[in-house]
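A, B, C, D and E are the chain letters, set down in written order, and residue numbers restart from 1 in every chain.
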Amino acid sequence: MTNSMSKAVEVLKSFNPFVEEIDDREIKISLSNDKVISALDVLKSIGFSHLSLITCVDWIDDNQFELVYILFNWEDGGKILVSTRIDRSNPKFITVKELWPVARFYEREIHEFFGIEFEGNDDMRPLFLELWDEKPPMRKDFDPSKYSKEKFPDRKYEKDVIKEAKIFRGEING
Amino acid sequence: MFTLLVALLIFSVVNYFISKASWRVGSIINALIGSYLIFQVFTIPKGTEVTIGKFLGETLALQWTNAGFYFSFVSLLVIVAVMFFAIKWLDSQKHPAAFNMFILMVTAGSLGVFMAKDLITLYIFWEIAVLSSMLIIPMGKKESRKAAVVYAVMSAVGTYMFLYGAFMIYSRYGTFSMPEIAKNLANDPSTSFKVAVVLLIAAAGIAKSGIFPLHTWLRIAHGNAPDAFSAVLSGQLVKLGSYVLMISVAVFPSLKIFANLKLYSGVPAPNYFLIALGAASIIIGTLMAIKQDDMKMLIAYSSVANGGYILVGIGTMDPLGFEGGVLHVFNHALAAAVIFMAFASVVYRTHTKKISELGGLIHKMPITYIAYLFAIISLAGIPPMSGFISKWMIYQALVRKGMFITAAIAFFGSIGSFLYVFRPLAGVFLGQLPRKYKDVKEVPPIMWIPMLVLVAISFVMGVWPFPILQPIENMRADFGIAPSFKIADAQNWLVRGFSGSWNPVIVFNLFITGFIVAYILYTLFPKPKKVDLLKPHKEEGAPINIYTSGEFIYTPELYHYNTKFYAGFERMYEKHPSWEKLLYMLAKFFHDVGEWIHGWFFRPSPSAYTFWLAMTILIIFWVRW
Amino acid sequence: MTAVYKAILNLVIAFFFVISLEGIARKITARIQRRIGPPWYQNFIDIFKALSKHPFSNGWIFDFGVLMALGGAIATAAIIPMGSTFWTPFPNTDNFFVIMYLFAVGSLGMAMGMVGSGSPWSAIGVSRALTQMLGYELPYLVVMSSVMYMYKTSSIHLLIEKQATNGWNLYVMPIGAIVAFISLIGMLGKKPFDIAVAPAEIASGPMAELSGKYMGLLQIMHAFSIFVEVGLFVDLFLGGGSLGWFLVKFIVVWVLATLISSVLPRFRIEQMLKFYWGVPLGLAFLNALFVLLGWTF
Amino acid sequence: MKERTMWEQIADSLRSRSLWMLHYCTGCGAMELPPTMTARFDMERFGVAPMATPRQADIMLITGYLNTKTLRRVIYTYEQMADPKYVIGFGSCTINGGIYFDSYSTINRLDYYIPVDVYIAGCMPRPEAILEAFNYLMEKIRKGEADGWKRYKENYEWYKQNQIRSLGEVYVHDEFHE
Amino acid sequence: MMVLLIVLPLIFAFLAAIKKSFSYPLLVTSTVVNVIIVLLLKTSVPSVHVLGGWKPPFGINLVLDDASYYAVLIANIVFFLVALFKETVGKYSTVLMVMLAAVNGFVLTGDLFNSFVFLEILTATGVILASKRENYYNAFKYLVLGSLAGSMYLLATIFTYTQVGSLNMAHASYFAISEKAIVVITILYLVGLGVEAKLFPLNGWVSGVYGGNDLSPLVMATAVSFAALYMMGRLFLTVFGGYALHILYVLALITIVAGELAALYQKNLLKTLAYSSIAQAGIVLAAISKSTEKMVSLAYFHLTNDVIAKFVLFLVATFLVYNYKNLNGVFKKHKVLGTAFTISSMSLIGFPLFAGFQSKLRMLMEMFKTSDYLFPAVLLFATVIELTYLVRWNVKLWFEDIEDESEVKGPALRATISIILAILLVGIFLAPNIILNPTTKVAKALLDSTSYINNVIASSMGGM
């Protein structure tokens, strides 16, 4: 725990976070939805100026998405993962565009792959996928192989290639 | 001859009122007069003299020499072409009537200059030409007002130095007529007087043909004058300067006058100074032309460079160099006129002069493109066109005289001319057509016919140069520069230089056979599939179909390279000292002195006046010459 | 009529001799890189393969440009004297400046055609090629003017005769020969100076839009231009000699150029210009000074 | 095999000896090419040389998995290549989807969209396999069997349908090139 | 008959003072009558009129020889032309009449003290004129400087009186004045007249007065300055036989350069023209100070061209300045005014086809004949500067885009007069002798003081 991270934890005491230490330079702080934005603001002010990434984890069984904000503090290399859980059925969250302008691309990506709405960030055009009409693909309930089978036809092998290879290697005589 | 000039002047005023009624009729009449003049120029027998009258006891006379014929013919070619061009072009101008009037005045002035026998007539017609051209320039856009003032001042500086020199000659020899002056100068003892006089006379040439110290007006004047007129400006008015330079070097036989000042391989010192100025203007013209983005200013700088070539050619006073310099007057006049007319038609259609905003106009204006292409081949001095012959002669002379630095600068200028003529070609005509010029049409025939005619003349003179070399030869004979061998040998089609000759017809045939062989090879092999560069304009939503490294590009402007065309080269001389700023600082200095005088002497309180009154009395008393 | 036959001979030799030389050059570069390298006739195959494909044409100016390029190159190659006055097709037209500027017709035609193809790659390539031309042409012409000044003639076959009497120019003015060789490498567009055709940076520069037969025709044009450039160098600095000796010297100069070019990385534009207008130009003027003062060997 | 005129046979034998390769390094196969070019394996001795633009290239090497976005660019470049053009598919990803067979964005079978003349099996074939493929392709060209480009021209509609079916549409706008 | 030139305007002035409403018609009649008288006087040119029968050494005499006749002719024509413009004259007609009388008197008088008196009247009326359009401060400045100059002039006259014993010019030139005294006299006269003749350090007032309103430049720049420069010639050439001319030459050269440079700096049109008239006066003075017959005649030829050109320029300029706020492209609305303005400015510069060319070229010719290389250099340098600002103004007035939309009715009378004078300028170029002959006569008259003395003394014997 570098001293900037420990300082951060003290400061966030009032938000009663659930802190777990991943390794000596990385801690994860889980907060409830309403406290995340203010926590991020506080962290930014005390030196965690670099928002490296916003990712999302799809806990399909307890019907929740987990939003993770990865922050870096470049004075002494401290790294904090601020995470929160939002409801999965109609996923909605507030944008951090004003804090970090780069966030709008992360949010666009999350919207594209998980379908989470971000109020305040109206530019929700598709970023990576071109002409995508299916469900957001990263969701667990989306079955890629079915999509691939139906969208991208593949080759039907008349012969059983693996048996051929075995014969070739002489394991089985045929 | 004099009646011709006076008739022209009077008719120019009459034409003003005709064009007031309908400028189209006025410009057609102009064009007809021009062609009549060309016919007239051929019929006047050489050597006729006409005295105009007495001025301060000296007779003013016109004479018709070979030099006069050659220069008048070249300028009339350019002016008549521009007059025909202006018939349709003037409807995009605000003052067509004044344009018609002044262009006739410019013709009268220039013809008068070429016919003048003595310095005062030359000065009178020179001022008429300057006055009328000075009143046409401000008809252009916003910046052209300032350009007119700068143009007027610069040519005034040159002209008044010329006048001062003329009167110095008069005070010593009592005559103005050039032949006598030449004789007196030849056997005048004091060299300092001769050098001073010749350089003062040359000052007018330097100012007018845009040689090094006084070349800055070319950029503004050509860049901003009304487009068709900058063709006359650079094609023809600059040649007045070359004519005076020729006078100061050839009519006053500099070889005889400065026989004792032979500086280097037969070139006298003042000539060498002029050649140095010419070389400097070649460098400046080429370097600045390469980095210009406004196409007219680019060609303005090329006129500076080519003016330098003419001066270097004439300055060497070597039979080949002289002939090359004078032939370059013809080549540059035609080439510059056609290029400016081409740009005028581009601006006529697209209303913008910046290369960075244009592109791909070949699809819409092919004929203008062809005219421009052949003109730049001639300007850059490439064989099939006549531009090459004059440059070839100048190189021969420079190499024979062993002037290696000037030769190196001349080579730099000629290769530099490849660069700067290619920039508008690639930036404006070739490449992708921007979306907003989708429906640009070709200019009407009355505008591209003059261009093609001039280009055809230059082309024919390139292949069979002897008709144009003949008048230059007898002009050279007039000035008594006799070569040891026959330069233009028409019988066996040879153009001879000191160190070798070449046969323009064979070179042209070779090129044509090469072209035919290539065409045969071209047709032998499979037919190509047409790639239509205008696809993004025709059907909406079709990307450009040339190799775009895999990206779908729908806006052609994105895929056209014309801004900072020679970035690599321009970076090398970005922070260059600008001579123009220096001259502006000089003008500013006079302005500040005026302010100081105004502040000290003219504005303050009455008590200051009494103080100055008392001071004058005291000083006069104290000094009491 | 013998002039026409000689010209045709010129072209035939230029075509077969130089293209096989190019193949040999690729073999040499391969050998330097310790790999086997293509057979010597590989370039012939490449050219005929290119000619046999179904190409794309980007408009009439694109075709006209390629034709003008090849036409100019053929015209220039036809004039070059091969080694001795007997083998000069047009004795009274083989003036040095005529050859240099007729050669410019070819390059201008190619430049115009390629930019006419509408691709910015070719525009950038052409602008680099022209800047490079500005670079290598200056020292070259200064050295050439000093050669012409010394022998008081600029017709190539007379220069060859003069060299027969008082020795090859290589020995008479060694500095000039070195400078001319450096600019020769620039002219050929070999490795250190192939800024214009840089495949990695600008997708083979002007040739970006060339497909099928246009590529073939331009390769032929490139062969002729190599013949012109190296032929000029051999005639002016190595005394030319009979046709056989001319070809041998041609090979020697070509191999030397290939050796140098296969080990050097590519210059940037300013580096190339600074290089050319630095030492070579200085040496060229020095050589001119020596010629003026008559200090030649 | 349909018989070919004498001129076509010569042309085909020429084409086989000088193949110019457009190196469209999409997936992980790109790394295999440098060793084939350089000293140890030296493909240039077979007349194969790398070319920068599709206009000049004869062969197009698809060296890895192709997701939908890249496939659109591949098709667009393929159409820019001059005729008699051949395609070599590297690795199992082009044959039948490879390890990405079930991904929502990569295609499984390349010759469903553009005609492929030679496939090289292997999850990135080694340079020897590549050289073997080149020689095999040369053989096919000499025998006149490598007519992928003819097939593309003849049943152009079929290919277009497959492309539309899988990619939605070939020409797309993206915000970065407006 | 000569004295009527002075007396009549004074009488009309008093009549006008009594009957305010008649003042303008009286002015017109007086100027017309004066012009008629001058034309009638043409035949009896070398004549002297003795006032009140007092013989010259004691009484005042008016001398009418070629020089003074020409000056009077020009002055009266100018006043006649000015009188035509009713709205510019306004309520200043009485002042103008008095000024006309003063100018005639100043030119004709052969008596030094009398010329001082007329000079004072001139300055006074000049001040009143200058105060038109609330130009009080400049008028005040002119008043101070004018009166100072007047006092210098008076001192000089007193000194001459002490030396010569009489105030008559002929006597002054006849009796050789002692070496020391001549110095003081000439310097005081130089300064006294210098102010009126716009010599360099003394011409501070010019830009204020000329540039101040629309009437004073028309009169002052032309008639009054012509009279002053004529008087310079009369005094320094005839009376003092060309004594202090090299001082005048140096001061004149400085005036040219200073005038031109100051004009270059100016933004306001009227002020630029004022400074240009200073420069032209400088050229004339430099030419006079050459004191050769050819040069003096060319000086007055140049002065005539300048007077005509200035008259046209000021006519047009005053109309424009007081009718338009912004002068860009104004000539597009007044084409005729514009052409007149351009022709006269081109004539000032010396372009061929216009009068200025003749005078400047001939002057250059003469100077080179007498191998004086300084003055031509200064003249040409000044012409370049002059060309700059005149071309700048012409381009601004003709070609700039119009910004001031106010519609003003074209001034018919003003346009006709200015175009006539412009055409006269071109006429002078074609036939310079119409002006050159009289000016050569002027030069002859000024230079040989003996014939002047004989006229005066002869008349003193023969009476009337």
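Methods note: contacts are C-beta pairs under 8 Å (C-beta built on N, C-alpha and C of every residue); 3 or more make two chains touch, one makes a residue touch a chain.
The model shown is predicted, which means the values in this text are computed figures rather than measured ones.
**Student:** Following contacts chain by chain, what is the lowest number of steps it takes to reach subunit E starting at subunit A?
**Tutor:** Each step joins two touching chains, and the minimum needed here is 3.
**Student:** Just tell me the minimum hop count from subunit A to subunit C, counting one hop per pair of touching chains.
**Tutor:** 2
**Student:** Using the touch definition from the top, list the chains contacting both subunit C and subunit D.
**Tutor:** B
**Student:** Which one of the chains is farthest from subunit C, going by Cα centres?
**Tutor:** E
**Student:** Compute the centre of every chain as the mean of its C-alpha atoms, then state which one is farthest from the centre of subunit B.
**Tutor:** A
**Student:** Looking at every pair of chains, which has the largest contact count?
**Tutor:** B-C
**Student:** Which chain lies at the heart of the structure, taking centres as C-alpha averages?
**Tutor:** B
**Student:** Between subunit D and subunit E, what is the gap in Å from one C-alpha centre to the other?
**Tutor:** One centre to the other, that is 97 Å.
**Student:** Averaged over CA atoms, how far is the centre of subunit B from the centre of subunit C? Could you give it in whole Å?
**Tutor:** Measuring from centre to centre gives 35 Å for this pair.
**Student:** Subunit B to subunit D: how many Å between their CA centres?
**Tutor:** 58
**Student:** Roughly how far is subunit B from subunit E, centre to centre by C-alpha average, rounded to an integer in Å?
**Tutor:** Computed value for the inter-centroid distance: 45 Å.
**Student:** Subunit C: which residues touch two or more other chains?
**Tutor:** Subunit C, residues with two or more chain partners: 52-56, 121, 203, 208-209, 211-212.
**Student:** Dump the list of chain pairs that touch, please.
**Tutor:** Pairs satisfying the touch definition: A-D, B-C, B-D, B-E, C-D.
**Student:** Which of the residues in subunit E end up touching subunit B in this complex?
**Tutor:** Within the complex, subunit E touches subunit B at residues 140-141, 144-145, 148-149, 152, 183, 187-188, 190-191, 194-195, 200-207, 244, 246-247, 251, 258, 260-266, 275, 346, 351-353, 357, 361-362, 364-365, 367-369, 371, 373, 376-377, 380-381, 383-385, 387-388, 391-392, 395-396, 398-400.
**Student:** For subunit B, which residues count as touching subunit E in their complex?
**Tutor:** 55-56, 120, 123-125, 127-128, 131, 134-135, 138-139, 144-145, 148-149, 152-153, 156-157, 160-161, 163-164, 167-168, 170-171, 587, 590-591, 593-595, 597-598, 601-606, 608-610, 612-613, 615-617, 620-621, 624-625
**Student:** Tell me, which parts of subunit D touch subunit C in their complex?
**Tutor:** Where subunit D meets subunit C, its residues are 11, 14-15, 17-18, 20, 38-40, 42, 44-47, 49-53, 55-56, 58, 80-84.
**Student:** Residue numbers of subunit B touching subunit D in their complex, please.
**Tutor:** Touching subunit D: residues 541-543, 545-547, 550-555, 558 of subunit B.
**Student:** So in the complex, the part of subunit C that touches subunit D is made up of which residues?
**Tutor:** Result: residues 26, 30, 33-39, 42, 45-46, 48-50, 52-56, 121, 199-200, 203-204, 207-212, 215 of subunit C touch subunit D.
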